[in-house]
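Structures are listed in the sections that come next.
What follows is chain A paired twice: with chain B in the first complex and chain C in the second.
The block that comes next holds the complex of A and B.
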């Protein structure tokens, strides 16, 4: 066990430049990542019973949350620009995708374009919105920037509710973009290489592939010149500027890339459930993304994934725990539902992680790793 | 050294075995197991089952010659008749969103309804119907959670006894269609009448919001002069900007145009449960500063209380007409009670209030009173919604096909369903323009009535609704 953990390498300790700047520090990490990718793909084919659909939906949600969470982590965790406006960019992406890829034969805006257009298209439109907002970050920092970005969410909510030609209006909503690639529909039951697959299996695979690609791109970004500039801006902006880092440029880049990720996540998220409604893009959604970053671990791509999976699977986990408990608190108190327990836990977890484990789940993983690497001398 | 390696290998296998066991895809036995709280607290009805159940053909052993698949077991329902099988229905309700206050009554009424059916012989004398707690999901009035919740119970239910919310149900329609799942909506959007919208799987009942709105304004054209007031020439609309408000509002506007009444203003109202102003200062200001002869309220009871009470206190002398969900008997115990007692508020509805004289109401009152339930209008909505589901299940059973597909076929070919006089007979065959129910009634505040409302105009179709070309949904 100790030797196995040792092979994972020690976080922060790199003995060569290649190790320091590689996406994966060594071959063991690379093999684990590859095995995980293969495992997740195989899982799609193993979960083929109707009862498994809910797991496919939950995991697809986790994949999409991961994309959004990486986006927020890039701007907040890496570049240090606190943003509570992530729900707005998520919404921009959702509606940009719906307009580009939505059905063209209704009263609501829809061009009926293919996935290879609407996924990057939604990301780019959201990135443009992010770039427009970024100049605010040049004037404001910390709490003030957070407050201004909250304003974005309210502004977005109003626009989404009012622009009925695009959004269908509050309480009515609209169909999202169709998951269609060169005429093949992923959002309907179909046939992949001769194997009959449900729409949930297909959506799972599409969201998973997107997550893997965007995760690798993000990993690549943060190890590059841009990533180092982000960290410099976060740690001390004046010092960064003195070193020659162009603050304006990198803050705009950070917001634009973060919004691109949020936009892609928003675009694909509503294709999972098949419906998008303007009320969805509220402050709670922004806080949910913040929770993913805080719980998973700020300035860590792996942490973003961990946080996203944790938040996406939390309701199911609570339900399983409640089933396992000899007494069901929801029937004993008559005043608390599973959803309310989830929200209470949500708040408590954010506080607990901020106070006790600022590095999040990623920090816990590092500690577990170090414990086993030094075993039996772990002190 | 060798021993250590053997131990390591043994440990590895043990861990792998545990992981495999944990990941096992075995069907949990609990899915057909007894949910604890299935309507057992409600006394079964003592009167006969509604006409649509027909007489049970036989008391055959469950499953005799009847095909079944999902959501039907040969084992009895928890606490049910041991000689019968069990049909499980799911509930997709809202326990933590804007309709959390309505949910217990809606669900409780459904459970009481089916307890009565079970006591009267169940489906064909061979199956009881259960709505257990573990197949009831809190969808938070959120479309994503709704779709996920449906998929959680999809493998265990024959049909959905409550599908709360129009956008949420629309989101789940592709899945309902794929699974052939029949659902009972807890919303009255005019779109449910169209099979190209709901695949014929959503079994609506009663007049839609749209026709209710048309009838409300049409009624006022004659009723107000009869009560010594001028015929209305202006109307204002305060509405929730949702399917509810938009559909009802579309009906009111159509009737206003037909009657030459000016729609002076339409103002959306943010529900108090969604962070709206508890005093509704803006809405009250709108009513008082731009007075109209009639104000239409397409809101919830809390908003109705704040608006009617506030406007009356500031001297507004016009009439309020509220949509069915805008009233709750609790308003008579609120600070706004004097305004309501002054007779300036009327309620339109697709179903008779608690004290309404019909065989269905009588049966509902007996069942729910025996169970110690306080009269509440949401119970009526919950109760009446189950007649079409009962009819579809009975028809499917009679045809020998109680599979999902069989029930969906039965629902699509349902013909007429009688609600024992609680609301107008529904006809599911034919074009919506020919068969959609258009009748609604009008009630006035009556402090002596069980739910504070007594009927002043029995079921009727106003001229606007009568002439309306219902070839597309109103909103």
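The block that comes next holds the complex of A and C.
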């Protein structure tokens, strides 16, 4: 009991290696995480009015973005391989899922498989694409790598536009994969253990569970041998190589895992959005993911989640602020739309965080925590 | 053969746009160690101002373009002073991402100003280049079956002149020497009494100016000025990479290679390699970039980075 209090008061104090590298630093964090999971699940049942569907969809999108942003953080934040090509892998996952889980329609490919196949399948196909791209990262470093991954996005966009059997082509699109697991349809209103649930609630729950599982896996990965190898490659790859870290292997692994996350995120994103044009997987989407990592905090899983939620909820937040301001919203939207404010704010926030708080929201949280840890003394 | 020469002429006009943009990228990168993703925004801003001043306010082509170029240079210097000066000494990648944020913020405003319609840039007064038949959009010169628009000739000549001027500037002027010294080592340059801040501003002014001129070039085409014109700046990136991020010579050769390949692809790909899909020429620059980088990781003329353990 005393030990428990001790930890409560000194969250940064670790007395063993296992404690230091645990998925959760202490019982407080473990309890908070558990409470958050329970809270988010309960939230799904509390948001049962028809008006709440917007919020459920918004939060589902935030969960999907979280998965994608964790993926980017693994390759860019942890392994230090700057990738602006995340949108490409996201798109590969989306169309792989649509081909595996969607229904065939005329010339369009569709196998109509179950969700337990198309979610991992989309991830694996994206991971394969990542592993194929990784050898480029062996030859190129820094900005040259970033620029090549930009090229990848443009090439991907071209392929998505041209391969109409897969994507339906520009302006037409195609049906997404069907969210059905062992015959149970998540995309229809249903009945979960005796409680009537809407399709939005079900989609929310499925996405949330996936996010939690993938978050825990990522947390576990970065504290393992692989995670330490990533950090060594990031901090100085030549030194890492001398110490016996196999650069080829870990760069390929980093790209493959990151792309797996992007692929899974893309798969679900397509399914919950319903209709996506082939040119949606563009440079702006890559930049959006980079923004999540930058704003949330590089090389921090918790930061990835914060960044993803921040970016996903930003438009709604701006809308609410505009409603709340004592000006007639129509006069505002005549001069400049909510979408434009969002975009400007998005750009400005990237700049502000990079200049003022390179550790992102996670860094802010650490500073707030450290302040209260020593309260009322300043250090 | 006529067809090939026609494609080559179009390639040269693309190359002149890419060369100017690539020079902007390289000058900024060499002097400040920042890869500026804000070039699309500067391009669009320059082109919009030129169109606004010369057509909407009816200042005439020359005044409109001249003032637009000055304004774009100012915007470049301002962006550097406000957003990038605090990033000196930070990782190159952080600064590059920051310019993406800058690009987004500026481009939203400029896109809103441009609106959904196509805008035009005025024509230079008749006889400006001694070429008959200006305004330059409509009439074309016919050189032995190869149709060349006067604007293409003007673009290529202007680019050659600007490249020559930059060459003289970097090699003969005091500021050029300071910029070369800063590119070599910022701290040592400062220790020698060079005003490194002024060099940074100068680099971004040149970046803004070259982007604005490229923007005006792009907007003189039949398609005019739309929000999509900024894509040219992203297609100039492969030219920079092919030439090497820190090589001015490389920027010009890279632009030539990219511009010509793109135009040749546009002419022949639909006929010989139709399975690559429509508009493949639009992504050809990136294919060339990938191919060159796999053979030469620092581009054709870039300096290989020497790393310590």
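Note that the second predicted complex is superposed on the first by the 356 of 379 C-alpha atoms of A that agree within 3 Å, B and C clash if a C-alpha of one lies under 4 Å from a C-alpha of the other, contacts with A are read in each partner's own complex, and residues count from 1 in each chain.
By definition in this document, a contact is a pair of C-beta atoms (placed from the backbone, for glycine too) under 8 Å apart; a residue touches a chain by one contact, two chains touch by 3 or more.
Everything quoted here is computed from the prediction, not taken from an experiment.
S.K.: A:161 in the overlay: touching chain B, chain C, both, or neither? Say first, second, both or neither.
M.R.: both
S.K.: Could you look at A:301 and tell me whether it touches chain B, chain C, both or neither (first, second, both, neither)?
M.R.: So A:301 meets neither chain B nor chain C here.
S.K.: May I ask you to decide whether A:115 touches chain B, chain C, both, or neither, giving the answer as first, second, both or neither?
M.R.: So A:115 meets neither chain B nor chain C here.
S.K.: Give one of first, second, both or neither to describe whether A:129 is in contact with chain B, with chain C, with both, or with none.
M.R.: Neither chain B nor chain C is touched by A:129.
S.K.: In the superposed model, does chain B or chain C contact more residues of chain A?
M.R.: After superposition, C is the partner touching more of chain A.
S.K.: Taking the superposition on A as described, I'd like to know which of chain B and chain C A:338 touches: first, second, both or neither.
M.R.: first
S.K.: Once the structures are superposed on A, label A:137 by its partner contacts, choosing first (chain B), second (chain C), both or neither.
M.R.: Neither partner.
S.K.: Looking at A:350 after the superposition, I want to know if it touches chain B, chain C, both of them or none. Which is it: first, second, both, neither?
M.R.: second
S.K.: Identify the partner contact of A:262: answer first if only chain B is touched, second if only chain C is, both if each is, neither if none is.
M.R.: Neither partner.
S.K.: Could you look at A:358 and tell me whether it touches chain B, chain C, both or neither (first, second, both, neither)?
M.R.: second
S.K.: Could you list which residues of chain A make contact with chain B in one structure and with chain C in the other?
M.R.: The overlap between the chain B and chain C interfaces on chain A comprises residues 161, 340.
S.K.: Tell me, which parts of chain A touch chain B in their complex?
M.R.: 46-47, 49-54, 57-58, 61, 161, 169-173, 189, 199-200, 269-270, 272-277, 280, 331, 337-340
S.K.: For chain A, which residues are in contact with chain C within the complex?
M.R.: 82, 136, 139-144, 146-148, 150-152, 154-155, 157-159, 161-163, 236, 238-239, 242, 283, 287, 290-291, 294, 336, 340, 343-344, 346-351, 354-355, 358
S.K.: Please name which positions on chain C make contact with chain A in the complex.
M.R.: 35, 83, 86-87, 90, 92-98, 100-106, 108-109, 112, 234, 237-238, 240-241, 245, 276-280, 282-283, 286-287, 289-290, 293-294, 297-299, 305, 307-309
S.K.: Taking the complex as given, what residues does chain B use to touch chain A?
M.R.: Checking each residue of chain B against chain A gives 25, 27, 37, 95-96, 133, 138, 140, 142-144, 147-148, 151-152, 154-155, 166-167, 170-171, 174-175, 178-179, 240-246, 475.
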